[in-house]
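I'd like to ask you about the structure that follows.
Order as written gives the chain letters A, B and C; numbering starts at 1 within each chain.
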Amino acid sequence: MISIEHVTKRFPGVTALCDVDMQIAEGELHAVVGENGAGKSTLMKILSGVITDFDGRLVLRGQAVRFRGTRDAEEAGISIIHQELNLVEQLSAAANIFLGREKHNALGLLDDRTMERAARGLLAQLECQIDARQVVRELRVGDQQLVEIAKALSLESGILIMDEPTSALTESEVARLYRVIGRLRERGVTILYISHKLDEVFRLAERITVLRDGKKVKTLERSQTNPREVTHLMVGREIEAVNLGDDRRAGAVVLEVQNLSLPWTGHARGWRLRNVNFQLHGGEILGIAGLMGAGRTELLECLFGSSPETPTGRILLEGREVNFTHAAEAKRAGIGLVTEDRKRLGLFAQMTVEENITMCALRDAAPGGIVRRRRERLLAESMVHKLAVKTAGVDAPVISLSGGNQQKAIIGRWLLTKPKVLLLDDPTRGVDVGAKAELYRLMHQLCRDGLGIILTSSELPELLTLCDRILVLCEGRLTAELTRHEATEQRIMEAATMRNDEKSPKP
Amino acid sequence: MHISWKALIPAVIAGVLAAGGCGSNEKTTAPRAAPTSSGSADAGEKRIIIITNGDSPFWTAARVGLQEAEKELNLAKSGLRASLEINNSKPQGQIDLLRQYATQSDIVGIGISPVVADNVAVAEEMRNLRKKGVLIITVDSDVDRARFRDARYAFIGTDNLAGGRELGKCALGLRPEGGQYVTFVGHTGAQNALDRVEGVRQGAGPKFKALDNMGDETDPTRARDNVHNAILNHPGLTTLVGIWSYNAPAIVDVVKQKQVRKNYNVVVFDAEPLAIQQMGEGYVDAMVVQNPYQMGYQGVRLLKALYEKDQATVRAILPNEGQGEGDIYDTGIKVVVPDSGSPLRGEMFDKKTQFLKLSDFREWLKKYNLTGS
Amino acid sequence: MSRPFRRSEWGLLLAILVVVILTALLDDRHIYWRELQALFSGGLSPWYERIPSGVNIIRQTAYLGIFAIGAAIVIIAGGIDLSSGSVIAFSGSICATFMVLLAPEAMKSATPVGIPVIVLAIACTLVIAFLIGTFHAWLITVVGLPPFIATLATLVGLRSLARAIVETVTAAAWGGRSAQISMFDSQFRYLATSIWIPVLLFIILAVTAWLLLSRTVVGRHLYALGGNEQATRLSGIHTDRLKWLAYCISALLSAVAGILYVGEQSGAYPQTLGQGYELNAIAAAVVGGCSLQGGIGTIPGTLLGVLFLRTVIDGIAKIIKTGADVYEGMIVGSVVVVAVALTQFSEASKRGKQFFAGSMGKLTMLNLALLGVAVGALAGLNVTITVDNPFVEGAPPTRMNVATWIGVKLLKIDSMQTYLTQRFKVDSLGCYVLGACVGAAVLGIVFILHRLEKRRAHVVTKD
């Protein structure tokens, strides 16, 4: 039904796609996998009309098409659900669903009631409980995603592209999404599914296309392959299962948290965090698991002093009580935070790799306040070397790096501050498989050197691989503390979804 | 942008030198004007410029005078051209203009109406130009004569002190029992403003009390606001006195709007077209009218005469040159009153002042092809 | 950060050269050329008296440059300062006010006030400027106002406060209310009128600012702040203190400019001093490569932007001899738009963006053509050329409006009498023709551009 023929797309400095040929059959669920930078997003943008200037041909239902914009693609029946959701946060769900195709009544005024009714119908089909009039900003990510899908449904698209749809969903939401996908397929909708997660891919897809470095490697029938082979095709090499942590020994207690509570003004629950107690030893990786909204990021913010509300309780760093009101104090004391959402909160997009890496520790290269170029370069290059950051040079713009390398650069930034404790908030989000493995190895190495790491992640396998101990948060409370040997996905999930009246299981 | 900029620069510099080379040959003109010229050794015309203080219809009459002088005195034959340069009401504007003119060699004479009388910077620029041989006079408003008399050759304009006195006499004549007045002006620091306000005080005499002197920096909206506020703030106010030309219509507008005509006497300086019409409608009691036409005309005439070293004409304009006030040419004032109903008589005023009824004044305007003065 | 913009700085340098050449060509007095000759020919007068235009441009650049640096620093840090002009007025007025308070008789009678008074007045003014900058920073970081609003408030408020202060102080000290304070003191004025001091001051301030931004930790942090405020904060940098620094620098530099302007104009005129200057400063910064979103821009670029603007303005004054300020606004406005659009242009064209597509594009083509017609007609009646006298054989050349000349040639008018009786018709015809030609030329150019962009995007309608 869709034929992608000899498509090539060049950006200044990099070829994103090189002579890609692909066929997608009508009604199938076709998965597209590949590392970051393999070209999946670019290909999907071409298909959905976001990129209009490329070489090659698109053939839709036997006719060559040329999209001048997303409108043309929509009219041809193609919609895309981006990984970064494309909703207008200030508008309601119904308004978003009908954005650009608002219905009016006879007088030409907006017909909100009809739109809301239609929206309600669509959302019901998707098992979504929200009120169609609710402002999108207040919705959970899972619900926001369903609003996007509802939008695609209202367009009656025959072809739906889903880009990493489950990256921000809870388990139950993922299950719901699978059901929705099932229903879409019953209606004959063709789905292009982009994902890193091979278990999903192998669960849902009929055929799998692997992209690597802008080229199509192979299209496989799902029944005729296995995850290992696919991973191999994606990275071009074998990824051995990394079993880290056996030779790590935890040292002295470097961070202790007593009765930490963070108020939540204006919310029913009243607290983002309630009575959290734990310890972190030097040389160990402590993982924090929990559903979205459980308070993981907030906990890290409290430790780093960047929380908008002041927490109560005690935090002791190396035995001394600390009271950070600004990230600068935390940095000086030896705590670093690698934030989630590096694009918004971490990167200086207009600066070079060097400038990004040296940002926190610039004074080390600047006696008397004047930056010495050579010292700065040495600092940056030392990090690039140590962390094996793949870059065209420290002078390259930081946006030319892949996601994984950007993350490494930011970690390098904090390593230069010689921290005692490193906080990592979902560090492997949007990072491809190969780079993930490198990051794991890096964290392991840092711990061997004595650094204490607190790690947040939504990917349970990751936590199980990396962490010496795992804390589980549920709605702001610490519901479980599991050692490496005790932890299983099942137990973590149970602790993460426990309700207040249930007792926490004994570790 | 793949062009190598650095390679272009020497080419460009060569171009500049070549272009300049064209200009050094005085026999040809710049490439853009196709026809050739056969000028004298120092090609091109010379310019005489009159710089105003700001923009107002007052200067329209001056411009007519300037253009008439240009024609009648046949400036073109002497290779001269005259033009009016409207300033933006700021002293900085005049400083910038004078500096810009200092760089241009084709300017031989400048007449300027300084925005602020005691501004040292303007006086210094004027002196600077005089040192370079440019002829400088002041028109309409002079520099502070105590300090900067030497910055200009002569002053052509109204004896503003006398004019103010006549205006004061108008106020007195309309209300012999005395009263209270407010003066409205543009820049309170301009010499003509200072002189006129002082003259009004003298002419009106001890029976009148000056309540306020309100400046509006030539902003017509503020001019109206000032009148409005004066009426509100001073219940004992009897007379509204306009000092600069556009203050007249400003006063009348507010008086009309508030319908308080019978409460106030309105005496003004200058006769803008609008003010003339308003006197015809009965809203203005008396006008002291300057002669901006003559300022423009005589200004050009004097500068031309000085340039051509025409001693006869210079002496005709400034007969007492060298003595006391001999560097001042008085362009004269008129007092204009409505055709009927005015208690003012010609005898009340100085003999040099011309006393006219409105219709006669209108005849005079028509003779000179003016709409205002 | 600073590296990618070398290109646009070279471009600006070239643009300045182009403007100078254009002025040299179009100015039939060849003033630039003459000054160049005078400079090299030697002579008795000091060299700077031989190039008055050059000195003018340099001085104006120094004055504008001083506070344009402040504007650039604030823009690079991600904010904006609309109050520069009012701070100039306020600080100039405050300086004069202090001098009146300290030496009322001397100021009134135009006798020298003495160096200590001057120094004290200037010092107090700078302290007050620091407080103004602090106030801005407080409004923005603590109260949380957007910078646009906070500096807009001071834009309006400070000038009014200055006027009130001047009137009250002059009433108290001199017994008569005055809306301005005249500055006679020659020592104070020397600061501004000497050729060297403003330029030297400007160079020192520019070099210091450049070093600060490009070589110090604080400078790097300012760029980071402008580029991504959240990330900067989360990197453990005190963003509030950085903003305080930026706004204080801007206020201080505006104050320095204000003090100089009062000396230059020999008076503090709070109503009119510096009106609109903030926009010149921002325009210079933007033309010089600063992005209003923050994080991008350099001091050398800003300086080139200032020099460019002043060269354009001087060129306009040379070419349009009288009434130049009537056209100045239009020309400077278009120049700024073109300069910034050009920097966007290379970005946009790479992405395949079309400037004249769709119905808005067609309307814009029409718009620009009409502008061309208007400009052509205006030019026709205001630009004069020297031509052979068309009415009398062998008579010396005369000056004539371009429109008149065209009309006379087209209608074959051969005598002055005929011309005078049909003056309006002849001039109008010339205008129409000229307007039509310029409009057609603009339309042609724009149409060609449109076709070129269309071809690049090779759009084929969907089947």
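The definition used in the following text is that contacts are C-beta pairs under 8 Å (C-beta built on N, C-alpha and C of every residue); 3 or more make two chains touch, one makes a residue touch a chain.
Note that the structure is predicted; figures quoted are calculated from it, not measured.
Contact with chain A and chain C alike is made by no chain in this entry.
The most central chain, judged by C-alpha centres against the centre of all protein C-alpha atoms, is C.
Per-chain CA centroids place chain A at a distance of 47 Å from chain C. Separating the centre of chain B from that of chain C, both taken as means of CA atoms, is a distance of 29 Å. Chain A and chain B have Cα centroids separated by 74 Å. Remark: chain A residues 12, 52-53, 63-68, 72, 76, 304, 306, 326-328, 330-332, 337, 339, 344-352, 355, 359-360, 362-363, 366, 369-371, 395, 413, 417 touch chain C in the complex. Those residues of chain C that touch chain B in the shared complex are 7, 10-11, 13-14, 17-18, 20-21, 24-37, 52-53, 56, 110, 178-180, 182-184, 186, 189, 193, 261, 264-267, 269, 271-273, 314, 317-318, 321-323, 325, 346, 385-388, 396-399. Here chain C touches chain A in the complex through residues 1, 3, 211, 215-218, 220-221, 223-224, 227-228, 230-238, 295-296, 350, 352, 457, 459-460, 462-463, going by the rule given at the top.
Taken together, the chain B residues at the contact with chain C in this complex read 1, 5-6, 8-9, 12-13, 15-16, 19-20, 23-24, 29-39, 44-45, 47, 49, 76, 81, 83-86, 88-93, 95, 99-100, 102-106, 116, 118-122, 124, 147, 187-189, 215, 217.
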